[in-house]
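Following: one structure in structure tokens, then a few remarks.
For clarity, chains are labelled A, B, C, D and E in written order, and residue numbers in each chain start from 1.
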Amino acid sequence: MRESLLSVDDLKVRFKTEDGYVSTVNGVSFDVEKGETLAIVGESGSGKSVTSLALMGILPANGEVYDGDLRFEDKDLRNLTKKQYRQLRGNEIAMIFQEPMTALNPVFTIGYQLRETLMLHYKLSKDQAQKKGIEMLETVGIPDAEKVMGRFPHQLSGGMRQRVMIAMALSCNPKLLIADEPTTALDVTIQAQILTLLRNLKEKSNTSIMIITHDLGVVAELADRVIVMYAGEVVEQAPINELFERPLHPYTQGLMASIPKIHDVVDELYSIEGTVPNPAAMPTGCKFHPRCPLGDIECTKVHPALEFVSETHSKRCIKVKG
Amino acid sequence: MKYFFQSLLKTIPVLILITLIVFLLVRVTGDPVSLMLPETATDAERDSLRESMGFNDPIMIQYFNYLGDLVTGDFGDSFRYNTDALNLILERLPATIELAIAAMIVAIVISVPLGILSAVKRNSFFDLFITGGAVLGKAMPNFWLGIMLILLLSVTFQFFPVSGRGTFGHLVLPAITLGTGIAAEMTRLIRSSMLEILGQDFIRTARSKGLGEAIIVNKHAFRNALIPVVTIMALQTSTLIGGTLITETVFAWPGLGQLLVQSVNLRDMAVVQAATFIIAIFVILSNLIADLVYRLLDPRIKYD
Amino acid sequence: GESSSSEGEEPVEKSDSKTLTIANGTDIVTFDIHDHNTTSTEAVHVNMFNYLVTNDGEGGFQPDLAESWENVNDTTWSFKLKEGVKFHNGEDLTADDVKFTLERIAKDDTLLEHGNYNQIQEVKVVSDYEFEIITKNPEPALLNRLSRLGSSILPKDYIETEGWEVFLEQPVGTGPYKFKEWKKDDRLTLEANAEYFGDAPKWEELVFRSIPEDSTRVSELLTGGVDVAVNIPPTDIERIDNTDGVSVVQSPTQRVMMFTLRTDADSVTGDPKVREAIDLAIDKQAIVDSLLGGAGTVTRTRVTPGNIGANEGLYEQTLYDPEKAKQLLEEAGYADGLELSMAAPNGRYLKDKETVELVTAMLSEVGITVNLELMEWSAFNQRYQDRDFNEMFYIGYGNSMFDASLALDRLTTEEAKGESDYNNTEVNDLLLAAEQNMNPEERAQQYQKAQEIIAEERPQIYMFQLNAITGVNDRVEFKPLLNEMFYADSITLK
Amino acid sequence: MNTAEDQVIMEVKNLKKHFDMSKGFIKKTNTKVRAVDGLNFKVYKGETLGIVGESGCGKSTTGNLMLGLLDATEGNIYFQNEDIAHMTQAELRKARRDLQVIFQDPYSSLNPRMTVEQLVGEPLVVHGLASGKELKKQVTELLELVGLREHQMKLYPHEFSGGQRQRIGIARALALKPKVIVCDEAVSALDVSIQAQILNLLKKLQKEMDLTYIFIAHGLPAVRHISDRIGVMYLGKMVELAGRNELFENPLHPYTHALLDSVPIPDPRLRKEHQLIKGEIPSPSNPPSGCPFHPRCPKATEKCKVDMPEYREILPDHFVACHHPLLNEDTSILPDSATV
Amino acid sequence: MELTKVMEPLAEGGKVKTQASYKKLGKRLLRSKTGMIGLVIVAVVVLMAIFAPLLAQHDPAKTDVINRLLPPFWMEGGNTDFLLGTDNLGRDILSRIIFGSRISLLIGISAVLLAGAIGMALGLIAGYYGKVWDFIIMRTVDSLLAIPNILFMLIILAVLGPSLITLILVLGGTSWVVYARMVRSETLSIKERDYVRSAKAIGAKDFRIIIKYILPNVLSSFIVIATLNVATTIILEASLSFLGLGIQPPDVSWGLMLSDGREYIATSWWVAAFPGIAITVTVLGVIFLGDWLRDVLDPKIKD
């Protein structure tokens, strides 16, 4: 059964900067289905985090969603009052961030920060929240949970902190968990622990996960479906196996080819020349064309639409055929 | 506490340096004897006074004598008042501390809400207004503000007594005068400190948990913003005490500041030395305390 | 103004009060009457202590603690004390107390007033109420000395049994008011002494506030916070007079402002014509009228009325003739102008800075370029003590002795060295002779003669005698005294 | 890798670096961070020696020591038979002509107040090797070498993207025509597509200029791609060192094994359960007794808690420090083939 | 592939971008209202100081007893000869304010330069070389910080006498500690940055590293503090005038005018009000400018 939990349609986000408005997310559309894990990959600056912050309604003060539809279950997110949105956040949609070092408030104890969410959304008493908090810490595999509740963030290692973040995010049984590069700052052995943890949690709770990353390894480990973003746009969308087997968009192809493989040593890596364009000065037509091996004069003129090559696979390119 | 005592020990070289600075400042700089006698005094009168006060010894001997006396708590005698300098100062200290604390309270009461508000409403008209006001507060010399306050609130409207120390009313105007400049400084600091904190990841976390804006600002952000502010406040002690020199003179407040101004003018060296030294200790102590508070506020810094 | 003040209720409420509040610019410095030289402190002390005699400010002396006195010979004076005078602690005043007091100041050379009393050789106690003062040399001004700062009589037994420390904290005198409380730099409170030997004190309580900032002092006066405020800036005279309930009273003081000039041949001011030109170029009356708001009296001598030896012919006199000044300069060979340096303290005397700025401008009108050097008082004083000034400096001398000797002694050849370098044998002889002349009339004449010569030769150019400007609440009657003392009982409720 | 002894360009002997973190004025609390704790290895001419390990294990410290940027606490670093660890400042400055470095963060490793021309030319100026026209010519050549344009010479670092900045850093390192370059996480901060550009560039330059690299990184795939031999560090110690294929196919140390196993493979068909190792790296200021890995090691025995295993050449050109190397087990954690 | 080459310069930025960043600076200034106000005020004051003799209607020292305490021209009794009225000696207040700007600025700027130079040098030494240097310099800084600035100046000036030179020396000589502290701590952190390590790695000597790497990078914070301190110094000079230790006539500064004028606040308000306004407005301008500089120069906000 495919049942959409979140549906994003033509999302556009812009920031007010000194050079006027800069649009960094330009019509992103995708769905997150119940129970699925959706991965968003893409280069730095391609708008992954901005998309997720827009969903959460916590864009920085100079940013705004200026077009598009955001639906969560039956709610139109863009028309919620501030209060309604607040009740959604942390409760039905939860989020974990990249830097576990800075994502926790350094002056409050772990316990305080955990209890805060529970007391807010479930109206628990302090004692109840404490109990539930300890339970959550145990769920994410923190030994000595009771002691950890009394600790301050700096007294924990990076991996532990990320576990705390996960516990916090899951404490209200959210329907959707957005994880923005949850393991980028961690060492590989710790990353493996966290990825395993996420996978196990998903199996248990049927939470939908939207994971943002630029590590295709992490994607391959975790995701059911993948969205590839480039310069504020979705350039390809496919189920995991299909994407790895049959990447269509030249950017996706390049991305895959340029990762050094741990077990397949080549002499020279494939590389995508050039750099990601500046959002304030986007190329005309297809945004990838200056770096694209297939790019020609046609690509400078037409901004390709996202076309479906199969029911589940779509791409934004006029050169490659499905 | 152990940390406190260690820090205390670390201040010893600083204190020794201060004694040297204070001593040199006062001693190298001039002959007090002539100031103690009227214009019509004769040279012979001056000489005998100079000899009797020990100003004819070599400077190093004077310094070591001074240090030696200091260790035994003897700061010398004020020749203006003819009594123990330390006693004079200790008599005045409560008045100055009272004024300083009141001024600090004024500064906090003004700066905390304004600083937070202008950070939250950054770049709004309101922010501009507060920022402008803060700068204005800083741009106005203390004595000028004091005199204006007296003219307005005491002479014209008679809300508060003009000068002196006594009732609570007496404290209001000097505290406002002294507190305003510091409030101005602190408002700006709290604003920028808050702005920095509001941009941090954990604020985003707090938002993502669904917390209300008031809790985010007043609890999550302010607790963090407070940490640098405490340090700044401590650094302001020195400015605060410096400000009493002028404020106390304007308001005839019987504290250390006024005593100092008069003692400097009359070269009452013992008093100047002792007061400067006591003030230095006071400033160092308040910095130490701020350091402790800082450590209490910021769990990231561990004791020892 | 009127006592029904429009300025709110405070002054009205105060009207019933038997407390007199006086605002000074500085606090008293000590209760050791021998060890200070501050007029404003003495002005407070006179309410707690008594002298043997008081100076009536008209060349005469009135009994105070002494009932009568007699100049026995050149060096001996005999006194008789009033009987039944009691110190605040209940002890009787006797001749022993006088001996104790006067010999202390005469013998202890660490005391600041020692210089004014070391002329006394000894005090001989004749009986409980009789004693003799023996001076080292003939001392015509002994009574002047005994009626001023440093000569209040102290309680011998109290000080000897309790020690000085206790006395300084709980001072005891014979005066109409006794010590109650002293909060340094804030206020000194005295209370009426019911046992006072003279007329019963008129006030229950006296409060002396110290308020250093002029404008604050004025504000206190305006709001009724104080009854009397000293040293009112001239600019505020009009404002205070225009305010209901308060007014200003002026009275001459003993302080005369002047320039001291170098008379040695190496200085441009060595030429008497130049000195005269300087004198003529300065419009003293204009300065008094504009800067001081009229609070001064021009004079050509330092010895002003009320002092023994005053030459009243030179008082209220001034010379101003810029044309003649130019001419004199021309005659002296300075047709193209001349340059000289002038030093002055800043902030020591009433409008000192502004005065010399105006003088500088006036001098430049006649072609004298002045290099003005304004100094903060202590720096100025340092140079002054070192006798390190060039052509001119500005200074004001007081005279608590009410005698010409103190006023003129800097112009003897000996004392003038390095300062004015004034060397006039006639003046020198006159001053030295008068110093020890026990014949009052002849002595006065000697001084008057000397003043005439000085006024002509101008080693010092006198500007004006300063007035004390005192702000007074209309509920009290206040007549300022020439010696600037505040005898509380001379201030009365209206 | 059959490299003859005479081709050794650098040799590290019993190298130690302990940071003194003592605090307190009166009572010294003796805390030492044992960032590097007894390293022994050789670097051969023309090779790339990879050094991997988790955060805080002492990789950067090792690099800095080899560059003479830090004073060693103990031990020797021979570079062309001279001991860097015991050089005077002047000697070091000379040695720097042959010994250069590329840093991790392209944003913080270039002085923001200098133009590209100044940055790249500076080494030549400092050593008095070129000036005026000649300097400009050489700078132009260097920029070309790393793929930058002449017209970019007058720009400041902040006007470049991360990858371009890294190229500037490389040009600067190459200016003195060094023999050895230490690359401290030279590609870790870059995006995958840019990372490939830089890795290719480094490889190309190595061939052209006969460079020796010491390539420090925590990203295993990149290290494997560029290195000839790889050393694995743990808590300031080298736990294993071998040729790259040997190491990846036949890891002997349990830590190496776990490390390799933790790397997620970008192929959804190869999804598997990781053999997780428990816990995290202990603090180097308070290292465990015996073998530093024993608290996390699945194979640890009593012996491991007490004795520090010797670092020895257990197979030809394969060094390991372990009491229980995975010699006879099936250590192949990798599938036979993998394709994309 | 052809096309890639064509489009690349666009993608990579280049000259276009440099110009953009200068333009950006200007734009930023224009957009920042307070920055703009600050700049205009400071420019006016500086021009006023430079061209004082041309602008002033009267000799600032010229006394005129007859025309003393004239009110500003728009009030009854005032006249356009003395636009802002005259002071107690009949001097033209506007002319005095114009000339006063010279000394006020001179004191502000030279004292700050002096303090800055000392503080910069000592801060760099303490931060870069550390150890004994650091100990000695920082202990001295601590000691001086424990004594309130104004007290320090009061004592020294009371003795040396307040001439223009001593004022500058004293104001500069006591406030360097602030810079030393700031420069030291910045140096400590910059010292650890990779670009300094990179300089060491290419064999640069300490001196070069300090001058070319550390100094330029502490300069922006330094300029900000220095700007703000110009404001503080102008106010301090006024306070010293209040205590009788500021600039002495015939020199004229705003502080002196304000302090002298306080006696007339109640009777002839303009004597003190105009110099007061001059100080306040100038300080306001300087602070606004400083804040703007902070925003512009701070690399954190820059990108």
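Keep this in mind: a residue touches a chain if its C-beta (ideal position, glycine included) is under 8 Å from a C-beta of that chain, and two chains touch if they have at least 3 such contacts.
Computed from a predicted structure; not experimentally measured.
Path length between chain A and chain C in the chain contact graph, taken as the least number of steps between touching chains: 2. Shared contact partners of chain C and chain E are B.
Between B-E and D-E, more C-beta contact pairs are found at B-E.
Inter-chain centre distance (chain A to chain E, centres taken as mean C-alpha positions): 49 Å.
Chain A and chain D have centres, each the mean of its CA atoms, that are 32 Å apart.
Centres computed as Cα averages put chain A at a distance of 52 Å from chain B. Distance between chain centres (mean CA atoms), chain C to chain D: 88 Å. Of all residues in chain C, those touching 2 or more other chains are 215, 377-378, listed in ascending order. In chain E, the residues that reach two or more other chains under the touch definition are 12-13, 158-160, 244, 262, 265-266.
The set of chain A residues that touch two or more partner chains comprises 273, 275.
Considering their complex, residues 33-34, 139-140, 142-152, 154-156, 158-160, 231, 235, 238-239, 242-244, 255, 258-259, 262, 265-266, 272, 276, 279-281, 283-284, 287-288, 291 of chain E touch chain B. Those residues of chain C whose C-beta lies close enough to touch chain E in the complex are 214-215, 218, 233, 235-236, 238-239, 286-287, 290-291, 346-347, 353-354, 357-358, 360-361, 372, 374-379. Across the complex, chain D meets chain E through its residues 64, 67, 69, 92-94, 96-97, 99-101, 103-105, 108-114, 122-123, 126-127, 151-152, 154-156, 158-161, 164, 169, 172-173, 175-176. If you check the complex, the residues on chain E that touch chain D are 12-15, 17-18, 21, 193-195, 197-205, 208, 212-213, 216-217, 299, 302-303.
Contact residues of chain A toward chain B in the complex are 53, 56, 58, 60-61, 86-91, 94-95, 97, 99, 102-108, 116-117, 120-121, 152, 154, 165, 168.
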